[in-house]
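Paired with chain B in one complex and with chain C in the other, chain A is shared by the two complexes that follow.
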Partner chain A sequence: MKQSILILIALALMVLPMPAIYGEETVNQENISMTINTKDVLLIYDQLAVDTVYRNNLNTVETLLSALSRTAEIVSIDDYSVGQMSGYQKLIILKNTENPITNPDFIHDCQNYSGALFYIGFDVSGLIPALDSFPISRQMGRTVSVNLNGLAINSIWVDDLRVINELPGSGETTIGVGTSDYPFSKTINRLTYVPTLIGDPGFTLGLGEILKDWFGLATSADMTLLIPDIYPFSDLNMVIKTSDAFYANGIPFALGVIPIDDNINFPAMSRFYQVLRYVQSRNGTIIVHRPSPATVSDSTTVLSEKMYVVITKMVENGVYPLGLASGESLFFDEVSKVNPLNLFSTGIILPDDGITASGRKETWALSSASLGINLETIANTSSPNRNFGNYPINTTIIMPLPENEAMLVAQLGIINHKWLSLTDYKRLDNYWTIGQNTIASSASGIRVNGLPVSLSYDEEPIEADYRYQKPPEYSLEKIFTAGNIFLLTVVGIIIVIFIMIVVFSRRVYLNKFRKVVNNNDENNEPVIKRQDQEGKTP
Partner chain B sequence: MKRNRDTNRLQPDKKLNHSIPKIRAWSFDYLLKPSTLGVLVLFGLLLVVLFLTPVIGMGDDGSTAAIISGSNLYNLGELTPKEAIAFFQKDWGIMEYYNDSGNAQITSQTPFLDAAKRLDQAFTWDWLFDLRFYGAVISVFYLIAMYFLFETVTYGKRAIWTYVIVGLGVLIFGDTGYTAWINSFYPQALSFFLVIILGTSLILMGQKKLNDYLLIGCFFLSALLLCLLNQQYALLGLFLGILGVNLRYVDEKKCYQRICAVCGILLMLSSLAAYFMMPHGLTKLSAYHSMTRGVLMTANNPEQALKAFSINPQYAVLTGTSYYQAISPETMNSPELATAFFSKVNPTGVAIYYLANPGQLYEMLNRSVDSSFNIRPAWLGNYEITQGYPAGAQTNFFTLWSYLKANYLPGNFGFIIIWMAVLIGVYVRFFRNGIIEKNERNTLRFVGLMTWLFIGLWELYVAIITSGDTDTLGHLFIFSLTFDLISFIILGKFIHWIAKQLRKVNWEARKEAFLNRNKDKEKKKNREQRGYRL
Partner chain C sequence: MNGFDYIMLVNIFLIWSLLFVNIVLIVAGYVYYLKVEKEQPPEIIGEYPFVSIMVPAHNEGVVIVKTVAALLAFDYPWDRYEIIVINDNSSDNSAELLKEIQDTNPSRNLTVINTDNISGGKGKSNALNIGYQQAKGEFIAIYDADNTPEHKALRYLAAELKADDSLGAVIGKFRTRNKEVNLLTRFINIETLSFQWMAQAGRWQLMKLCTIPGTNFILRRTIIEAIGGWDEKAVAEDTEISFRIYLMGYKIKFQPKAVTWEQEPQTWAVWFRQRTRWVKGNVYVLIKNIGYLVDKDARKIRFDIFYFLSTYFLLLTALVVSDVIFVMNMAGLVSTSIQGFSNLLWFTAFVMFILGVFIALTTEKGEMTVSNFFIIALMYVTYCQMWIIVTVYGVFQYLKDRIKKQDSKWYKTERFQG
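Our next item is the complex of A and B:
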């Protein structure tokens, strides 16, 4: 028994990434003999902290994990059950409040935990002995900046700032308060501590860098640009103008398209696809949005059927969506329920407003993803060089479709002024197989079912006399038409005969009168006689 | 009661003998009158359906939130919005302190709700409002309305045929499809009895059954309440006001004429005021549906239809979609959609469009008539969640008429046209005779029916221009109701006519003839045989 478990563990270790294997050395036999989890990390939080500045923290961590394409199991301290964390090599604890912990199982397991631990937020004395030795300085009401390898995100207001009172090492992410710098996080042995986190883009990116190092992911990061929420009835002229302007400025961009499966053959839809083809020819990439959960009913088949139909239709029309744009909540659903959205290899995690629902959740992840950030975050970031450089993790700038040309010019100005080095989304490693179609794209271009396709734009005529109202279909229509024709002929012949009878019978009719005039007396007499006879019968 | 027993003990035989015939006579005079008997049966039905468990009511789709907060009531929020639609909620909260919630709306429903709230507070002190108290208040008026209705068809007579008609009336208007609305905050509960009183008071006046002043009061009061119920009803007040002013020709009493003129003018003024002052209940939802499930769905070319509204023709992709189907809520509430789409859709524009495209209007009328024959919207549940029925379950108790109506009546506008032709054909001679004889009172029977017809058709049209074929404001309910009312009156007339014809027949002679038929044959045979002999 023990042997087979050991073999299983050995197999698992071969699959696990390198940092996990380093961590294995000190892992106790009894701890890992529980179950081997398929999720990368266990995230435990104390409370949602709804009415505080920390209300977005859980969402931030969850979003970052998805953007780093890590899968996670998420549970609150109250729902925690004994031994749950021993199945994980990595554990993140998010402490949003200073409230004491009431779950004794959690405290016990925490003190005995031997895997890599990432602790965010308020320290609880006695929970983790190593944590109490960190030198913390607490400052109230500060404007801080977060420095990421030279990029500084400035003017972030923090009510209650806790920092590690040490000098940062070189190349470390830091929090700058006035003239002094403090490290964003500190690692001792297997414990990493981030004392302050608020739901702000600067802190999110800072935490993203720390988490990325903690997971030991590749160091290179890409920045892409997305124009989201394009409907068939959006301002398509503006879409064309924007793509022309971006093309002229050499800016690669992606266009987020909302899938609509109604009236998919209408000329309006063809016109929309035509515009999307034009965008592709202008070095734009098409990204598909997740259909809003509010528009999809509970049944799972609706979503899949809808998406299969839409994507097949898009490919038929020469539009090749390469990635998925979705909020964080998609990853809480089961993979089988979101099919075929999980078949995309790459995606953009859009900021999800509001507090995520509580309860035990498990997430899945795309094989590669990026974090959506606003254009304002870019504007608030200062760079030491003229060239902007790059954020530590994959990011996608979300730039709404400009309403008019002045806005377009302003937005272009920000991108050009910052000297952003944007990556073409097409050149990332995108691939999917949905239904009959397989699409892959890389630096060498897009391949559909293994064949390279041209993205040059050629205008196709749109059916002008499209028939919107389909004539209803009847069963046995042929028999009834044949029957109708037969009846019409019969009735026609009868009418002809009838007319002939009417015409010829006039003479007969007139003849009748002639007879009456001629033989009046003769005709009447016998009748009278008959009546008389009847009356007289006894 | 106690005294009665005492007296009984003192003079047992004498008193009883005295009182029994009296009670008998009284109950024969009043209780066993067909109309009273019908109302009593309805009372029993209502008691069972609305007030005893399992309580039947209507699920709440949230459209009445503004009205109930106008009476300081609130949703306890025990059910999720989805469950609230699928299940009936009996208990609502009463706000304990003064509340200025901002979205409160005062309509003619408010006094009824307030009365019900007082009644509830007189019985219980738990700051919970039992919806059945409101149901009770509405039921009282409903029973009065039904008494009026039965009076109009029975002519106060006592015969087998009147009992048959009243039985039919109970079957049609006591249908749970109708009465379930009474246990709900929807304006349908109120308009249900208001529309009945409106027409019957005119017809009763024509029949000279009850006091004129009482009836004219009923007419004006119900018209006023109806036009203050909702902004969409407000314009009806204008029509009813003109009708009210013309009612003065009915009687020669000066006082009566003055009442008619003054009340009619007041009604017109208040309906105009209501039209401009009341918040127009046209939500984004109904504006969206009036286009996608109306104009665009029936248009030969949706893009051209959109151009007529100067909307981007690309919106044609939304043809036939429902509000929750294609567009995410965030986009639906975005300023882009507001300027590009919603700002250009208004009922007047849609009305003008339909007048310019009568083919589409006819198509929409067909669809609306069909859906109006379902008195109960299919998605609103009837049972409380505690009863353990599946979500959205609707009761089958006493729903024969709504079942027949939904499944067997031809639901298209052609049928309605034929039906209207029959109605006008039967009744127009009363109107003609009344005008020729200068006896305006005799025209009232026709006028009453025409008022119903007008209200029904008006509501049908309003439903189409405000929400396409997805009626969310319940206009189709009114159309369905007026259809039933008029059909019921015609049916009553028909049964009355048959009864008259049957009375004319000399049954004894027929019987004799039937019994003697063989004798006749024998005679004939004899005659023929003789003939042969000859």
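Our next item is the complex of A and C:
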């Protein structure tokens, strides 16, 4: 009996792990199949090319994919595993250098790949036979323009320009070199080739247009405007002035508000919310501007919890963030770690000068996004028509909060002079559910938990103790500042002289009293110390 | 800017100006110290001048024996000086004690003048005038009744005066005999040393000016004769007589080697009364002589008048008014908008004050100590602030006496056993 029990136990021990092992395998298989099924594209690159003009290329492609709401798996050629690309219908190869490829698995799979292939950069002879037949013209040191959607982004310097030596088709994105135009890319069957990419806004937008077509995305594109990096201690008066100026000029804009997770019950936050409500009433849209993770917290869990509190608090105070502004790095994090920021349906992908870290990565994407460009790019773009028109992909002009009224006037001047057609961010289809709140916005307005909300501004009185008071203005500030420096210098010199005197005095003192002790004739001590003589008055 | 801003501006200017005046005096005083250190003590050449030492004493039984004993012990020919103690309407046993000393020293020139409430009891100036009637010396030396001069003090004072006809008087240095008693006496010790090395030595070095301190000084008999004795209305007779000497064209020299040790107040109450008297007396002398500020013939005392004026009126007013405005500003009663100086600057000024005073202490044996350094820092926030109160009170008392047309009462400083 005992033996049979032992056998049963032994069998149980042998059998029990099997479902667990089987379970793990099942999960892994599911994960693999999820990877295969959920990512839109596999991006393979050769090197980061950190010391070259191509150092931002990987970042550019990644950012564009996020701006186009495409998810990707990213891997370097060296890390590529056999059969990896077979799970994808779309493959992007970014070749930043002319170095030969040494991974035979990659070469083999490449040559046998049957999906849509988007090849950027240097050709490697024999890797993709169809590519070798493209007529490439190589020109060194050229100032070029990128022409897209009727717009021309001018004065782009390219050290090593490689173009397809053919006449471009009508309406095609082109690279203009002097009086010649070359196609930005060329597609033959399943292969699309972009011979030159540098991390310049013009090339980025050009590539964006090609990728957009390649992915078969809708043709319409919007342009919005974002004032980033606003927090309670920004120049809130300038925020109000800018809002008024934009409102007066009919310019819709968004305000990138950095989520503050500390001291959110402080009076400064009440004033801040008040200003944000005012901005909303001036046709401004509030966007959560996610700062660099390095400046926030090491703990993503804590950060996630704080974000829930911050966003809930904003809604409680009548501030309705409709989207997210973030650098590309956010999309490399796992969704669970960035929650609830992933719950925004729309966002603005901010340009990031940092070189993307190497290693295998997967990205997630928002439902809809736009690519951040700076005002300088707008200034460098010419349009054949009075109205500026639109770039081929969704873009957001990033305009820093003006430091003064002169700067505000200058920025307004650029926007007005270019006759930009800016879209009101809140009229886009924005949607999110975070905590107990569901917010949606569209052309019909903003709805919170299904109910429309008014954005009109009713100033709430703030208790006198908490009311913002301007710092006192001092009279004779310049005189006292100069006087302060002068007197500090003089007093400092005097202190040094005094210290020198004290040190010198110490020497004089020691010499003096050594002399007195040695001088037996010196007998001039105070009578008070000569008690023996006091009673002996002659 | 409003009216308070302008007042604050003037105050800041005054405070810093006077601060720098005193810095200059500290450095000048130190230069004089080095000069004196290099020189040999003054010696009398030729015949010793006959000196009358006068000691006004009112109820000084506690200290008078020790004082007279010290005077009798001077390293000076016995037949070339006399001691006149004016026992001024004392109600204690001073007369008996002085008689006993006289009896035990029959061969010495020691005269005791006992006055009653009719002839005496009217203050120090009156007592000095009484003593002066019997003085035979060509030089007159004055010592307070609580003094214990060093052995050679009189010799040094007389030698200086005899050697230079341009000198009207020579003052010595006084030290605090009871400095170890408590914190107050330590404060006074530091105060007296810094005052003498800054205000006395510094002014002598720069302008050949000094103020007679009331004790341990010698002057020419001819001066007393010329000015008709001491001004009995002046409760700060020392300052008064200094001005008179200047006006006669004489200089007053500071000879720090002539040292006397005196007892200082040991309680705040006594200190307060004594200093109030000084303030009242100095204000009287200042107002009496204020006209000399614009008198072409009185150039020599202009600085002294200005110095007293700045100490008792300008600096005091600046400090008090700025403190009042500061408090009112904090209470929200007034508003000022001038920026003012940084806290760092005020802190460095504080450090400068400590070092400046400490320099005076480095000249004296046993005073260059770490504890004294910290006591100076403590003085700034306690003793110096008390001085403001004393000065305000003294000025107020003086004005009250003037309005009521009362003569200032001469308060006699209480002495302590020891």
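Following the convention adopted for this analysis, the second predicted complex is superposed on the first by the 421 of 538 C-alpha atoms of A that agree within 3 Å, B and C clash if a C-alpha of one lies under 4 Å from a C-alpha of the other, contacts with A are read in each partner's own complex, and residues count from 1 in each chain.
Here is the rule we go by: contacts are C-beta pairs under 8 Å (C-beta built on N, C-alpha and C of every residue); 3 or more make two chains touch, one makes a residue touch a chain.
This structure is a prediction, so every number in the text was calculated from the model and none was measured.
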{"item": "First (chain B), second (chain C), both or neither touched by A:L167", "value": "neither"}
{"item": "Partner chain in contact with A:L236 - chain B first, chain C second, else both or neither", "value": "first"}
{"item": "Touched partner set for A:N263, first chain B, second chain C, both or neither", "value": "first"}
{"item": "Partner chain in contact with A:I501 - chain B first, chain C second, else both or neither", "value": "second"}
{"item": "Partner chain(s) touched by A:I493 [first = chain B, second = chain C, both, neither]", "value": "neither"}
{"item": "Greater residue coverage of chain A in the superposed arrangement, chain B or chain C", "value": "C"}
{"item": "Which superposed partner A:A130 touches (first chain B, second chain C, both, neither)", "value": "neither"}
{"item": "Chain B versus chain C as contact partner of A:F513, first or second or both or neither", "value": "second"}
{"item": "Which of chain B and chain C A:A482 touches, first, second, both or neither", "value": "neither"}
{"item": "Interface residues of chain A shared between complexes with chain B and chain C", "value": "537-538"}
{"item": "Interfacial residue positions of chain B with respect to chain A in the complex", "value": "299-303, 312-321, 324-331, 336, 340-341, 530-531, 534"}
{"item": "Residue ranges of chain A touching chain C (in the complex, touch as defined)", "value": "472-477, 480-481, 483-484, 487-488, 491-492, 494-495, 497-499, 501-502, 505-506, 508-509, 512-513, 523-528, 533-535, 537-538"}
{"item": "Contact footprint of chain A on chain C as seen in their complex", "value": "1, 5, 9, 16, 23, 27, 30, 34, 37, 66, 68-70, 72-73, 78, 101, 104-105, 108, 148-152, 175, 177, 257, 259, 261, 337-342, 344-345, 348-349, 351-352, 355-356, 358-359, 362-363, 365, 368"}
{"item": "In the complex, chain A residues that touch chain B", "value": "229, 231-236, 258, 260, 262-263, 266-269, 271-272, 291-292, 294-295, 403, 468-469, 537-538"}
